[in-house]
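Each chain gets a letter, A, B, C, D and E, in the order it is written, and its residues are counted from 1.
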């Protein structure tokens, strides 16, 4: 007992929330054997309890994190708990909880209310939390894979659905391919620093970068160059013969490989193509989960890597990121214009959101990071809300994924129509909603970092975005209802929608606490 | 009472919101209740704004009735309200037209009344908010918030091409406003701030800070704001949303759209764009020339396009392009006459064009068409209507003793002081204005009754009088005794001119030293 | 041990061949195998670096990569089987329900 | 001794009476019986006349140099400080103020007096028309506007009246709104007037920025120093040397204001509306389009005489325009067959006379002619109305004839008026016309000659009219023939009063050469003194008496010649007009079609504006729904190209092309999002390659300086 | 010298059989060639003195994963696939892109490799001369010391894989 307690006081604390989730997952797998078909919802209850429990633990950890100077380190510096982890962890747990709430009725209709489903949801969450808390390449990679594998399976969970099969197959093949690329990049990173700890890798790359700068300085004519030449000759004579570019080649290669691997996971153009297909084919709650949680987690990982490992070469890669961001914005918005399937449309829209978030990275200053956190936060809830409305539409005998299915939603269910409107406004970034505040910080950071043209691009893309979001709204509000039945909202769905809409509005109307939260994520 | 005195602007701002919330709880089937509550709060909104007029001190500079509360302290956004004479007039216009617009919907709207009144009231909140905000963040929020109800008003209760018109309206204005957002952010960021202090969104502070910016930066910011306001106004090349939106919107929507919404653009020009004009004379002249050119093109182009319209509402919509061209012309004349005239003309346009849309609404309600060719000879069955319509037309075309003339004349006077050519081109618009409005009037009202359906049209009923007569009275009031209106805007206008065009007051070297002139020289602070 | 470049080129060759397999083969099982090939290339890198530095971390990493490869293969094959049951094919370009 | 008295203190009541009555009519007239309408409307104008008379008498009681009464009721337009041309800031104010001086005395009496008579006449004439109350409402409104115009103490308030009379003219011309030609004519009048008004406004603004005020004078105000007037400012400027005789800015003001005057007073090129305006009821033509409103331009120019006296070029322009208009309109009147059209052209021609007078600097003569013209032209129109009344609405001269015995009162009065307009002594027209011709002879001989010829033409066409209508045999339909009857007393009494005025009205200006003392000119002298006394270049050197007699003789003889010619053509029929017409068919057609000016205007301006409107509309329509412009001409093609461009780039295109555009957009998406796994993987790979290449290149640029 | 011979031998086998794996029409053949590649790689691991990985490679990969593959290949219909095109339509474009990638990466490795005397962790550093004996022991130390957390995660990962495989492969209920 003491051993357990001391473990929990020490290393164990770092992964306590994850452990709880795993335990709950295993518990679900166990009790699933015993419960009757009609009581299967208990799986969901247990899963929800798991997220809440884990969330509670996360909340408790907050004090310990503060007590130990802002960061808890464990497992030989391979995992940490800090504001970043708490923020993202809470976000993952929240999205998992939302998805669980949304899944109950949906999976019942699909007749797939199984323990494995909920267990996989929890395991995916474990993976994501590890992605956020890992500071070791191996931990990160395994966390990513845990999440990814869970998602592959969840996507294909409707085994009788052809589209679900296909989506899962595409997802697993492409996902594994991108993981391979990522792993190749990781291997190079290891080769560059002889360590898998990202702090050490970052330091090694930083040193290399310093040397490159020194060499460049020494090549300049004049006094400063001369001084630097002498310094180098004294410290590291061989460096005088180095070509600075050659020194940076391998970090560059590693960077690009890692970036591609992760951009695939966040579905940035041109690595996005799996997303619409998978969103469409997957069970809708899973689409929501992939859309909100997987993306957020991958961003957490990307942020850790870019800000810790590749920080030294930041000025060189922001243009790369900016290009990807603009491509994502353009392509996402362009493609979304013509979609008729709501899930696909949301997929493309989420691609354009990735563009905005990446622009925050381009800004790169404090505002930009807060903006990313705020944006992701808002994104989770508003996207979850949007998917939730689609899920509410799903009835026996009605798939409810096409725009036409929304027709006259206002007459059929005013409440869901109003909610849908709020989510769409938030997604489009119209104040006073959370989506606007997220965009606000991103734009501000772009201006602060003197990228007015990028900012202009970014704001103008709100316009086509609004067009397709309001196509959804127009279908729901302005068209006459057809034969479609009245959607019935279960209480679980109502709770999920309530939470989503509360956050979407509160974070827009009174952003102060949310701003503090976002700031906390980056250590203030 | 004390509370009211200190929070009068908040009260004005949120009274319609209270109405909207109240309506939320009225069951859907109780249409009569919705109507009554909607109208009640429309009227109440106007009533609570009346004390503003009484308590406002025209002689004081700066903003009055200021209210400040923290909102998002971390980024320096505050809940900061306040008005000067210009915004006072616009707020009054908003509450007044709002009341009338709501009243005009009494029998015109039969579908989804609950939502209709809620949206109209929400729209009121947004518009008043824009005029009373003294914090950029708050301003922007209201600016955008107001788009949504308008979208639905057009989209749900509009006519045939409503979906198209609604989204077009939304996209156009949104395109402008997002660019404005950037400009606001840049203003926010570049404004000097003491180290350690939070930046601020306070409008007076930022505009004062903008004076210290370099000229190129100012120019960029200017165009950023310009784009948004030009779309809203709408100025010439950005006007194509307007005819569609106006045409498809329900009557009340058109009234509000023309009466108030467009003024947000001109208000923005006055409040935000002018202080951002660069100090360098050449640069400034270039900008002003572009803007004036667009205004003049708008005046003439709008008027000419009116001549070929077949749809009454479309015609009136285009006439707005022309009238608003006058407003921008006055603003960018950068002298007290031009500005004062422009502000007054904004009010006038709200009154006249609002009334014109009401008039079309009256016809539409009776005949369900807006095509000019469907009418003719209506003066016979509807003589009283004919009279009011005539007065409104005359007010719109700038007949002396009616409001339009006062505004147009003062604007032309302002423009004339800067460039005689501007005034000359502007006066061409006056000529054309008479042409299209009278032609419209002739085609609709004169001649024998050509259509069977028009023979027995009932004349105005009491409610329609109630919507139109106040506007007519106001039109006469401003036309005959505009002094109180000028008194309200005199101070802010002078302040603006002092800030953006100090040369106006400097250029006082005497070369025409008539003692009589000396005696009537204005005492300027 | 040979100069590290040799191992790098070897791993690159396997990586490239794996990539070729992924993007050209129609049979999804072969695609999955090609991905295994890529992961194998990664392992060569890791082990070579591990040898270079005399640091065992690379080998541990490689170990986990193998575990991951196994897991991916299991899930991937499972999905392939499910797919095959519904579609009666394992050809990549016959997955075309989801597009645009 | 400054003038004062009850009537002077209550000047504002003069326009108020008709206004109140008009409001009453327009709001409640429908409920009133006809008699009530008569009492209110005719009575209100009568009251105005009495008040005006009282005020004038009280003014006359004062010394000639103090005959100015001015009242500022409230400050009307106060838009803040205005910058004058020199950089001065002045507080621009337009008062709501009334000014009564000798000039406005004349006008106010003419307007209320003749107006009153016409109102009385209308009560008879309109007795059987529908919309009786509406008619009188408009008429009273017109009286209000006209009185505001003449009593205004500043240009802007004058503009109020100016526009107001235009509006009433529009309403009254279009009184028979069921008739399209009537409402068209009304609209045409308004719009053409508006063109002039634009000029007026610009002139007004130029005055304001040049002189810092638009008040005519500060005389008659309690503290004259605080309120500058145009006259005083001009004096000051001339003394200070900033403005002088012939200053360009004054010329500009003069010309711009004259554009306004040309519009209102139907001068070339803006005269086209007046003939059409005859669509209105005949009393309207008498009141508005003969006696009062159309002379507003003349009045305004005289009002601004201080400026004009310093702007010789502007005066020359006015003179020439006036002269050309006079002869041009007279020539068109020669062949018109519509009784009212003849009179309309005659009005234009007479107005031309007046402007010619102003142009040569004979302001008093112009006003004098204005007054006499009001008498006899009103009489002519009313007489014509009576004729039309008798002929059951027939207006075509070719279908009249032989009315002399059937409607003797009308005929007699008509003859008097005809003689007056021809300038036969000692009728009113003789004195005023002679004054004008004499003055122009001194200034420009050529102008005199034009006027001289015009006088002959006037005599000819007026007597042609007279002979065609009243002499010979009746050419009317039998049906009409039976109903011919003399008009009721309410119509004939005004005729007789006006006839009396047409005879004696000119006597107050009995010229010195004929033993009189030309009181009229002396009366007006204080107003016409100008800003500077020595700018006499415009003033006419007094000519020898002999010349004067000669001129008089000449004009009498040319009138006689005209009358004789008309007699030969239409009474004795010794010369057949048809033969002439056949001999010079082109000339005849040209005259008959009024030189095709309307057609030319239509072709040059009206239709072009409409085309432009269509084009612009298409431009917008093009933007909106992408329909091709199949317009003619390069402009249309250009417009279409522009709008195509517009389509592409503006959100409209995005929306409007609708399906097609979206298809276009979806094409690349469809191409890439093929659903094919392999292609997805390859896109990832391409992305990788591109990123690597870009990043490598970027790095190389950074680190090696390679581009 | 021996190192060289061993390396080149295994490298040649690995590359050539990998190429064959990619190009064989029959999936079973591909699988066989993949096994060969994996075995050759194992040889290279051995050459690098990573005995533990060598064993894991052979047992887990060749013994476990590849059996799974072959099993699945047998399960799905083999005959049809034999008569179908083996490559996607885009193969030529694909080849160009892949060659471009190969060229990029190759040039990168090549230029880096040419640079001599790099002193910190990186390429061309002289290999550590002598490794401590007992590779398996070292790996274990590391695995249960520094990398305990990944080890724990790996268990979850494999659990997920197991559940996934079961869920996917089980026949519908």
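To be clear about the criterion, a residue touches a chain if its C-beta (ideal position, glycine included) is under 8 Å from a C-beta of that chain, and two chains touch if they have at least 3 such contacts.
For clarity, every value in this text was computed on a predicted model and none was experimentally measured.
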Taking contact as defined at the start, I'd like the list of chains shared as neighbours by subunit A and subunit C. D, E
Which chain, with its centre taken as the mean C-alpha position, is closest to the global C-alpha centre? B
Of the pairs D-E and C-E, which shows more C-beta pairs in contact? C-E
Which chain has its C-alpha centroid farthest away from the centroid of subunit A? D
Among the chains, which has its CA centre at the largest distance from subunit B's? E
Between subunit C and subunit D, what is the separation of their C-alpha centroids in Å? 94
For subunit B versus subunit D, what separation do you get between their C-alpha means, in angstrom? 35
Inter-centroid spacing, subunit E versus subunit A (mean Cα positions, whole Å): 29
Find the geometric centre of each of subunit B and subunit E from their Cα atoms only, then give the gap between the two centres in Å, rounded to an integer. 71
Residues in subunit B with touches to at least two other chains are numbered 167, 171, 175
Which residue numbers or ranges of subunit E touch two or more of the other chains? 88, 90, 94, 97-98, 101, 105, 108, 121, 123, 146-147, 150, 154, 157, 160-161, 164, 166-168
Going through subunit D residue by residue, note those that touch at least 2 other chains and give them in order. 651, 654-655, 666, 669, 673, 675-678, 681-682, 685-686, 688, 692, 696
Pairwise chain contacts, counting only pairs that touch as defined: A-B, A-C, A-D, A-E, B-D, C-D, C-E, D-E
Quick one: in the complex, what on subunit E touches subunit C? 3-4, 7, 11, 14-15, 18-19, 21-22, 27, 30-31, 34, 37-38, 41, 44-45, 47-50, 52-53, 56-57, 60-61, 64-65, 68-69, 72-73, 75-77, 80-81, 84-91, 94-95, 97-98, 101-102, 105-106, 109-110, 113, 121, 123-125, 127-128, 131, 135, 138-139, 141-143, 146-147, 150, 154, 157-158, 160-162, 164-169
Name, in rising order, each residue of subunit D that touches subunit C in their complex. 666, 669-670, 673-678, 681-682, 685
Which part of subunit D faces subunit A closely enough to touch in the complex? 651, 654-655, 662-663, 665-666, 668-669, 672-673, 675, 677, 680-681, 683-684, 686-688, 691-692, 694-696, 698-700, 702-704
Which stretch or stretches of subunit D touch subunit B in the complex? 26, 30, 74-92, 156, 159-160, 162-164, 167, 170, 174, 177-180, 183-184, 186-187, 190-191, 194-195, 197-198, 201-202, 205-206, 208-209, 212-213, 218, 225-228, 232-233, 236-237, 240, 242, 609-610, 612-614, 616-617, 620, 623-624, 646, 650-652, 654-655
Within their complex, state which residues of subunit E touch subunit D. 88, 90, 93-94, 97-98, 100-101, 104-105, 108
